[in-house]
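Same chain, two partners: chain A is paired with chain B first, then with chain C.
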Partner chain A sequence: MNQSIREKILAVSFHGTARLDPRLKLLLLIILGCVSFFINGDIPVLLLMLSVTLFVMAGSDPGWGIKMLITYLVISYLNTCLRYLTIPVLSLMISIFGVTVLKMIPIITLGRWVIKSTYMDELTVSFERAGMPLTVIIPFVVMFRYIPTLAIEYRMIRNTMRIRGVSDTVLKVLTHPFATVEYILIPLLMRCLKVSDELAASGTTRGMERENKRHALLKIKFGAKEYVILACTLCLVIALFVADRSEIGQYILWRQG
Partner chain B sequence: MIRFADFSFCYEGMNEDTLKNINMEIKDGEFLLLTGRSGCGKSTLLRSLNGLIPHFYPGETKGDLLYGEKSLLKMLPSEIAGKVGTVFQDPRSQFFMTDTTRELAFGCENMGYEREEIISRVEKAVTDLELEQYLNRSIFALSSGEKQQIAIGSVYALAPKVYIFDEPSANLDHEATKRLAGIMKKLKSAGYTIIVADHRFYYLRDLIDSVIYIENGSIVARYTGKEFCELDKTLRIHKGLRTVYPEKEIDNKQDDKLAVKSRLGGHKLKVENLSFEYEKKQRILDNISFEASPGDVIGVIGHNGAGKTTLISVLTGILKEKGGKVYYGGKKLSPANRRRLSYLVMQDADYQLFTTSVEEELTLGISDVDSDLVSGTLDKLALSEYKDKHPAALSGGQKQRVTIGASLIKNSEVLYFDEPTSGLDYDSMIRVSELIKELSGGGAIIFLVSHDFEFITHTCTRMFDLDAEKMLDVNKGNLQMLAKKYFA
Partner chain C sequence: MKNTKLIGKDLILTGALTALMFIIYMIISIVMSLAGPVTNVFYPPAVSVVNGIVMMLLLAKVPKYGALSIAGVIQGLLSFLVGAFWTVGTGLIVGALLADFLIIGKREITTGKMIAAYSVFSGIFTFGAIAPMNILRDAFMQTTLRNGLSQEYVDGLINMTQWPMLTVIIIAGFIGGLVGGFIGLKVLKKHFVKAGLVQAA
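Then we have the complex of A and B:
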């Protein structure tokens, strides 16, 4: 009986790449995020997206990886179609918007995966080991904890707006976009203030501010595996940059017809 | 032992002391209830015990507060962490981790214990408090009651000697309240000191050793548990206290003539074979049918997960039904029609306040504003002096009245209240009850989701039981049946 409780406490819900050290995950997010903005060729960018997808799929969340890859392909194609439309100014604007979205997709793919596949305590402990002060770690953890609740809070607010008849139809949202944003933001910010205050009080009474060395429930280590993956990533980055500057980078993958 | 020695506290920026010359002793193993009207200083007293005062909420202290021989005022909250454990009011906002197991370990990890120590402490908490079924779940998938049990477990793993509960029953249904009482009983018999501040305390009646009644920051009365439970009714109401025996309120229930009379005229709300299921094919509502008339105040009851909130969401038109029909005055209503007809007062008023002043809030979403109606409504709700204030600056009860006020201006014919009395003291509860009766007297149909037996007894004329799927009149027999479920 007791053995099984112990086993349950130590059970791991994430597998594969999701069990890598949180520091590595965040490092990859930063590196690949920058790369996404510095390479432009169709093929190198697609390769980057493919690598991110494979990496995410190897870590507990294959569905998410595939979904984002498909989104990427669809937006790429639609964006290409725009080149054949010539509405002055507008098509340029939409095209720029499309390119920005495309650059964000690998970052979103990886970012959401990091949030969903990382245990909070491991994040805290690994930051601490990396020498970050508590004053930086605590806001970071609170932010991570708050992101998943945003969707819930947003839905609650939208529901009451519909009951109150405030921005409840598509027409009203389109004709009063700023008012709509304001009506969503005010209660959201009020809730944020209240929740963060209560969270901080609750954390304080459970010793959150103690400056001692912490241990996570499961062992974590920035070990050989992490270094190997980091090295592979750096090779990939170099390869992508080289490809981007060579003829491969000039090849136009997305065309109509 | 904890001793308050002429202790006073004044929050920074306030003119008056919130706590005034508190003298009391709390013995080891004592079960103490703190009570008094909203804003009397109960929470402030609790905050000074766990170190949030004066370190987290700054201000000026006078006198001393001793834990054994040491002054709590000189200890940092992080030093008090392993000694005094606090369970806060809102279970939703006291989680740092996203999964239950790590939340249980959170305190221990902060204390810097070794891995083995953390595991064995969490294991003890899980075993002693019977939390095994909740391990390894997402925090966001738990009900309020489950969240609170995890919060207690997380404190328990730190093994403090003193437990503080700040309005622990405010967000719980009666089943979760019963479980909470069970856990408290366990803690008490294990010899821990327990201090609870709450407006509803019927669930503690077999546990309380002593009671402190606070008014305006001073202790004005002390009772033993027995004296408190036997308090005279007029005195209790005079002090603004809820009842210790809600089931005894049944005897005072008079048949509501008004509602029965007004049931004759006006548009009826008719629900026919209403069904709803979420995507995963779990049927939540299955062929619900009933009829409601103007003047009805209908309490929606049923066990946890019976679909009370879902029913309200479908009826208000937030969710679209999967089957069945809703008629009002003989006309079939689409979800959009229902949204126009209804008004929902949520448990958490913060979600419902969108603007920067009370007056603006009342008229939001209304195209032709009748200014007389607005000022009249402000008067009626005792909000006139706050009309230019920011809604966020109001107290909980006032915020709730603002949202009710908006429904008056919208002139909604069907109103829904979701747990309107959570965290309210006796006076505010009665005020909401009176307001609802007034609305129903004016011909509105009102639905209440509530676990508050005292409030249901005071307010409702009918009950819709989702377990039996039938409408019941609120009479002594039916109330006794409900009381059996709640308090047995």
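Then we have the complex of A and C:
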């Protein structure tokens, strides 16, 4: 009995880069967030996106990486085409939209992968070992776990609204924006209260509030592998910065004739 | 002076509601910055008005010292994670800590205190999000222009954040917090107190 539980815990479904320490994953996300707004040349950004994709593909989620890479290429092509077109107001709006989406895509790629490939108990333990207090860890972990659930709840609420004919057309949403916000937000909040009650009951029975040091069967350590990857990332970032400031950064991909 | 220590249940509720607040913040800020420079500078008040409902529910369910700080600090950390300009996250964190420390304090929480604290939080958040466009103008212009935003848009932003206008925006931030708080309380009364989910405040 005891043995089988142990085996179940040790049989993790992730491999490759997904087994890295959660702290490293969050650190990479922060570095990417800072860097992606300061690197602007077409080729350096493409390289950045490529490396993010490779990293995600090595972490047991190749489909997601490829999907986002293709999305990125299509949007960047369309955005470049836009430089050769001028429609009075619309052109400005679309180009801002394009720039925002392009900046967000690498972050979304890595962010969703981090959420999907990290066990929440691993995250808790690694934060605790980093010396963070329990009052910050628990809300943070719950929040990470809750963001995907929110999407599911939202879809259910929209379905129900459609069945009953409440704010189900674009026209109704546009003519009554505040009512729509209320109709969506209140059920969501009700669900939040319910879910958090259940979560609290389940967490308390599993000893969430224990102040003692936790033990983990899985190996969670900020070890040599993590430091090597961090060093590689920093080298890559510096190289991209240099490339961005040099002539490579000025080169425009997809040059039209 | 009842039990003022945050227990596991409170922390979980704070986490769940903070997730909701952050999603609302992302959606509104992205939509409003796409709509043009004029709406872009007014996004923090708009965020505060909608988030008022969530924040009032949080403060009514967890009437303890520290709930507002945790919500603000986590939103700030997340805004670093998604790569916002660094002053935004700093504004959120400083605003939440100040509002919690100065206004809520360790005594019993009243509705007036809730609204005042939320208004201060919203005002400081607005300052953190908008003021760098004026104070750190050069750094801001360089980054945004190199990002490929057009000259007109950035000029519009800079023009909107000159001094008299900036004061208006920051005051709008405080008022946004007030309005959000009042709407939140009304919604609480209409839906949650009636359903027995929240004790009447």
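Keep this in mind: the second predicted complex is superposed on the first by the 224 of 257 C-alpha atoms of A that agree within 3 Å, B and C clash if a C-alpha of one lies under 4 Å from a C-alpha of the other, contacts with A are read in each partner's own complex, and residues count from 1 in each chain.
Note that contacts are C-beta pairs under 8 Å (C-beta built on N, C-alpha and C of every residue); 3 or more make two chains touch, one makes a residue touch a chain.
Because the structure is predicted, anything quoted here is derived from the model rather than measured.
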Contacts of A:Met161 with chain B and chain C, given as first, second, both or neither: first
Partner chain(s) touched by A:Met208 [first = chain B, second = chain C, both, neither]: both
Contacts of A:Ile152 with chain B and chain C, given as first, second, both or neither: first
Which superposed partner A:Val141 touches (first chain B, second chain C, both, neither): both
Which superposed partner A:Ala239 touches (first chain B, second chain C, both, neither): neither
Chain B versus chain C as contact partner of A:Ala200, first or second or both or neither: both
Partner chain in contact with A:Lys219 - chain B first, chain C second, else both or neither: first
Chain B versus chain C as contact partner of A:Arg6, first or second or both or neither: first
Which superposed partner A:Met190 touches (first chain B, second chain C, both, neither): both
Chain B and chain C contact sites that coincide on chain A, given as residue numbers: 141-142, 182, 186, 190, 195, 199-200, 203-204, 208-209
Residue numbers on chain A that touch chain B, as the complex places them: 2, 5-6, 8-11, 13, 119-121, 124-125, 141-142, 144-145, 148-149, 152-153, 156-157, 159-166, 168, 182-183, 186-187, 190-191, 194-195, 198-210, 212-217, 219
Chain A-facing residues of chain B, complex: 50-52, 55-56, 76-78, 80-82, 84-86, 88, 90, 92-99, 101-102, 105-107, 109-115, 118-119, 122-123, 126-127, 132, 135-136, 140, 151, 154-155, 158, 313, 316-318, 339-340, 342-344, 346, 348, 350-356, 364-366, 392, 406, 410
Touching residues (chain side chain A, partner chain C) in the complex: 26, 29-30, 32-34, 36-38, 40, 92-93, 95-97, 99-100, 103-104, 107, 111, 134-136, 138-143, 146-147, 150, 181-182, 185-186, 188-190, 192-193, 195-197, 199-200, 203-204, 208-209
Chain C - residues contacting chain A, complex: 6-9, 11-20, 22-23, 30, 33-36, 50, 53-54, 57, 61, 66, 70-71, 73-74, 77-78, 80-85, 143, 146-150, 152-153, 187, 191-192, 195, 197
